[in-house]
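Listed after this line are the structures, all set down as structure tokens.
Next come two complexes built around chain A: one with chain B, the other with chain C.
On to the complex of A and B.
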């Protein structure tokens, strides 16, 4: 097992280098650069533009820029954000916690709801319970999340029950510690619902489908024929086998922990990584974007590794490293 | 330096927070940490009281109010830097305008210059030397005295070629930089080998920085990394009404009253009235509006589409919605005549080069209709780059460009565009079709709607327009580097002094839209405009500059290198909770539109208190 993990971790390195090359190339091939986007105003002289371009090293050919970046990145120095002249890692670090809070709460809500509802739907297939669940799922899948976010904020403003976006109130500096915590929870409710319910719908359908497949298998019929209680058949035998594909999905959703939900974060003014990445991509703050992409790619690979390990634990047929 | 030390040692008394909270009456300045006495968790700064003698030379405003309270507002994006010289966009400069001051202010209400850090100024008879007398008794927010050495230091930074600042270009007059010299502790002298023109206007662009905080950083070549948004805000020392208390990325910036600010209220109390403020960062316009409606913001600016809804809620919501009129900015429709653009067929460039073609475009457009539909009546038609809001330089003798499609068709016929093909598009004798691509940025709905209006107006006279909404970065790349475009709709922010727009109007300028960075002027009228701006650089008398700028506007009116479209009114809404809010669209160049006079803001008792704690 440990050998397997080490091997997987080592293979991540060339993979990350490949990903970084692709990302860098795409960023550079698309037109414009950070300094150019500043110069749309009338007061930005050509001389000043050349000066800043040179200062940031953007005047070198891009393969050279990439090699310089890669050399630094291998020493875990991800460079400086062009927009704020701060180290990329410190800017990412500031936002990481905020994104983590929101993704963990919405992930918990999504999975906590989706698994039981999915099982219920599969067991009560084609009854009104199943249909109601399906209606719920398809509604959430088909409405774009940023629109739901806007509706949620409208609800917050009209009802006055929740704050209109953000992570803290403007007067948070006047609050005591426990008050600040309650303030955070109040701000967390709506974005969690928007992201959590949106995520829940898809997972629920997966769970339902997977369990339905399993319930058709012969060994389930055999278990029932042997007089096992329906509860035991479902929980101990069917669900345990049906959950395999969901564990893979779970690994992928772990990758999303640190990539953030740009659109919802934008609408709900949540100070997360998604918003930061979106702003950086739009302004072509390339080192910031590269840093964020590398973080995202690493999380994706770690999430995958984690789900492989989970699979090995839940499914005795899978043996790692062989 | 010895002066500073003597002053600091003799007059400044610092009292550490005493456990007994004993009040000590001492001559001069008494500094007490209010938080040290417990009970008051307010994030206000140290409680400094200046004596009347200290404030003898301070600037008396007409503001009436009472001390206390905070402003709570919203902004679109995170600040990128707290270094005023490096800042390039309003998301940074809007905040720094509260923290720093310039030598001279342009009062947005009168549009006249008024003293700020400089108390008075005069120029030598030959106009080559300008002397500024600084205000006595001004202190930085850390209590250090402000002197002429700070001004000289700031100008050393401005002219330091290793610092990427747009101020350097603003402070260069017909190629000459200013020589800045300290005469005594409170007098600075600027000189140049030529007679200096719009010096005062240029001074409104330079915020004075503290030498005692930045000199060692600059000398160690780290100025460009100084005062990033990650810095400890206590390091950012200014003379403005507020200082930055805290910045939480993606969430908010909080401000604290500067206890040493140099402005006084009508009854001689030190300003600002408010103890601070919080600016929340809300990246979505709809969310901003919802937050204002939820009473979580005191004021915000509005889009034309928000106006009717917000105005309808005025009395119920206890706020004021106000159209503060046109600002300095303008949108234009232009044609590429740059020979560096190899992708455009020669016959099209030949059309663009003809005055008759450009005038035809100007006559074909229904600008009033654009203002009515696209801007929903919240804006007006334009035919000059100088804003109608400008009481000085706007050339009133130029009549409105009428919407006259018949005249447009006649003008096009005069250059050989008279036949229509099967599709109804005009063609010349060789069968070349009058069909052009129109570029604009895809994230500006108003510009996209203007493009559609242009498309319809021109279709009526047989000119086909293909709109190409383009990502902003690639648009700028095409405008600045490849010059690969045919026609374009974009805008400039403009300003009260046309000379600051010389990069657009002079043929050598990098923003000379239709053909930037020309070696020598391509046409006689461009060369006349070049001469006008060179003359304005050394013309200090406003009336004579007006004569120059009147001629410049007349040339643009005749030649139409840019067909001006519309200007948007600035729309704002503000809660009645805070008094003395007087939004002014004309503040918008160097100062924020709503909080340009934040030092006068005062909390009104019982007028719809904010939901948040004051």
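On to the complex of A and C.
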């Protein structure tokens, strides 16, 4: 198992290098010379400009610039944000934390709701419960996440129950620790609902389909024939096997979540990674974009790795590392 | 083919075995699909929507860029009386005026004018060819009829919704056709040749798939200069969507091609000296076609959502050209969001379109799945 994890982590490195090359090339194609914007404004001190130029070879052709960036990145130096003059890494850590909070709470909501609802739908197949669930699922799959986010803001504004966007109240610095936590939770509720329910719908349909497939298997008939209670048949025999294919889609659901979060973050003013990417793409903050891309891709790959490990734990037939 | 026992109460023409045996795969699919009410409803809605997009200029009463000083006017009232207050079967509309004290629009009583059908107005070209100047409906006597109100520049929201549908509805179809072609070809080549070709193509796929999709879309679309010709922007957005989307399809197609190439009929074709590309096109890809059809139908909504999301963020189709996504950008303003409900209409249209595609795609998947056939 350990060997498998190490092997997978090692294969991530060439992949990340490939991603960084692709992104760097894309950013270089874009019109608008950012060296020019760096030198023309006087927001950068001469010394800092010289330092960046020296470190990242801004006066050299872009393949060499890329290699310099890569060399620095391998030492975990992702450069300076051109817009805020902060080191990219410190901004990234903060933004990643925020995205993680939102993603994890949405993930928990989505899976916590999807699995029981999917089981319910499959067991009560073709009854009104199932139909209601399917209707719910189709609605949430079809409604654009940014539109739901808008409606959620509308709800927050009208009801006054929740803050309208953002992650902290304006007076957060005056609060004590527990108060800050409650404040964060209050801001978290609506974005989590928007993202979590959207993610829930797809997983629920998968769970329903997977369980229906399993219930057709012979060993289920055998279990019933032996006189096991229906509850035992479902919980002990069917669900355990039906859940495996879902673990493989865990990685995909994470990818969808990160993408969905990018839009919701922008609508609901949640200071996460997706919002950072939009801001820095628009201000041509090239090193910030690169850093955010690397981080997003790493999170995605770690998520996939995590789902593989999870699969190996739940399914004894799978032997990792072979 | 195994013919399962027919239920005893089946209609007489269903009991003819040779009848169902002689069905082509398409007839079989169609028969299955017709049983699914949701799929048929989805299909019907899509036909209506696409007809609407084709007739957009005819259906829209006003030019999409025509501004007026009626800013954020709510939907015009439809009343059934004339300007003297006498009842009339024919729908009338009333002039609206802004009350400067309350900042609210009110219908002026005694200003009712009849709605008119087939009005001559702004000339346009139907499908870009047929020059016409007929519009389905309009107000009369100088009273404008804004069925879905007006936006921040006093432009008719309904007209923009109609014309915007042309962009929002075509972008998914065009993007999926390109994705489809690239994905099928790349997947087919990778699976058929195997070895280093397969290796390189799949590594490229992995790189693209390891980046959260919407991050990549934002970065790519964010690079388009804002001053670009709108038509070029439209094309480039399609290219971007396809570039991001082909990898997933190619991987699955590769898997199918990998198992197909070992089959006898493919080896027979190879032994006969058929060229590689012909084998891929004629023998390998058709086996992946069912999967591809279903996944394409289910992928179109993804493209529609992606385009509207990008345009919403101001990165996709840019104003003044309307698309459903960029029309919703105005609703990001809290004041507009809370008091100008008609500005949310494009969101409803996106929802209906995507829902229809999902119903149809889901039905198609069931209809093409031999396990579910009875």
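Note that the second predicted complex is superposed on the first by the 284 of 322 C-alpha atoms of A that agree within 3 Å, B and C clash if a C-alpha of one lies under 4 Å from a C-alpha of the other, contacts with A are read in each partner's own complex, and residues count from 1 in each chain.
Here, a residue touches a chain if its C-beta (ideal position, glycine included) is under 8 Å from a C-beta of that chain, and two chains touch if they have at least 3 such contacts.
Please read all numbers here as calculations on a predicted model, not as lab measurements.
*Asks:* Does chain B (first) or chain C (second) touch A:29, or do both, or does neither?
*Replies:* Only chain C; A:29 stays clear of chain B.
*Asks:* Regarding the shared-chain residue A:84, is it in contact with chain B (first), chain C (second), both, or neither?
*Replies:* So A:84 only meets chain B here.
*Asks:* Between chain B and chain C, whom does A:141 touch in the aligned arrangement: first, second, both, or neither?
*Replies:* Touch partner of A:141: chain C, not chain B.
*Asks:* Please indicate which partner A:269 is in contact with in the superposed arrangement: first for chain B, second for chain C, both, or neither.
*Replies:* Touch partner of A:269: chain B, not chain C.
*Asks:* A:171 contacts which: chain B (first), chain C (second), both, neither?
*Replies:* Only chain B is touched by A:171; chain C is not.
*Asks:* For A:293, is the partner it touches chain B (first), chain C (second), both, or none of the two (neither)?
*Replies:* Only chain C; A:293 stays clear of chain B.
*Asks:* Which partner does A:118 reach: the first (chain B), the second (chain C), both, or neither?
*Replies:* In the superposition, A:118 contacts neither chain B nor chain C.
*Asks:* In the overlay, answer first, second, both or neither for which of chain B and chain C A:198 touches.
*Replies:* neither
*Asks:* Thinking of the overlay built on chain A, is A:95 touched by chain B (first), by chain C (second), by both, or by neither?
*Replies:* So A:95 only meets chain B here.
*Asks:* Where on chain A do chain B and chain C both make contact?
*Replies:* Comparing the two interfaces on chain A, one with chain B and one with chain C, the shared residues are 30-32, 150, 153-154, 157, 164, 266-267, 282.
*Asks:* Could you pull out which chain A residues touch chain B in their complex?
*Replies:* Those in contact with chain B are residues 30-33, 36-46, 48-49, 51-52, 55, 83-86, 90-91, 94-95, 98, 150, 153-154, 156-157, 160, 163-171, 173-174, 266-272, 275-276, 279, 282, 284.
*Asks:* Which residues of chain B touch chain A once you look at their complex with the stated criterion?
*Replies:* So the residues of chain B in touch with chain A come to 41-43, 72, 77-78, 80-81, 86, 88-89, 161, 164-166, 168-170, 224-225, 228-230, 246, 248-252, 254, 278, 280-284, 286-287, 290-291, 293-294, 296, 471-474, 476-481, 490, 492-493, 500-501, 503-504, 509-511, 517, 612-613.
*Asks:* Can you list the chain C residues touching chain A in their complex?
*Replies:* 203-204, 206-215, 218-220, 222-223, 225, 301, 305, 308-309, 312-313, 315, 328, 331-332, 334, 337-338, 344, 347, 350-351, 354-355, 358-359, 362
*Asks:* Give every residue of chain A touching chain C within the complex, in rising order.
*Replies:* 15, 18-19, 22-23, 26-27, 29-32, 138-139, 141-147, 150-151, 153-154, 157-158, 164, 255, 258-260, 262-263, 266-267, 273-274, 277-278, 281-282, 289, 292-293, 296-297, 299-301
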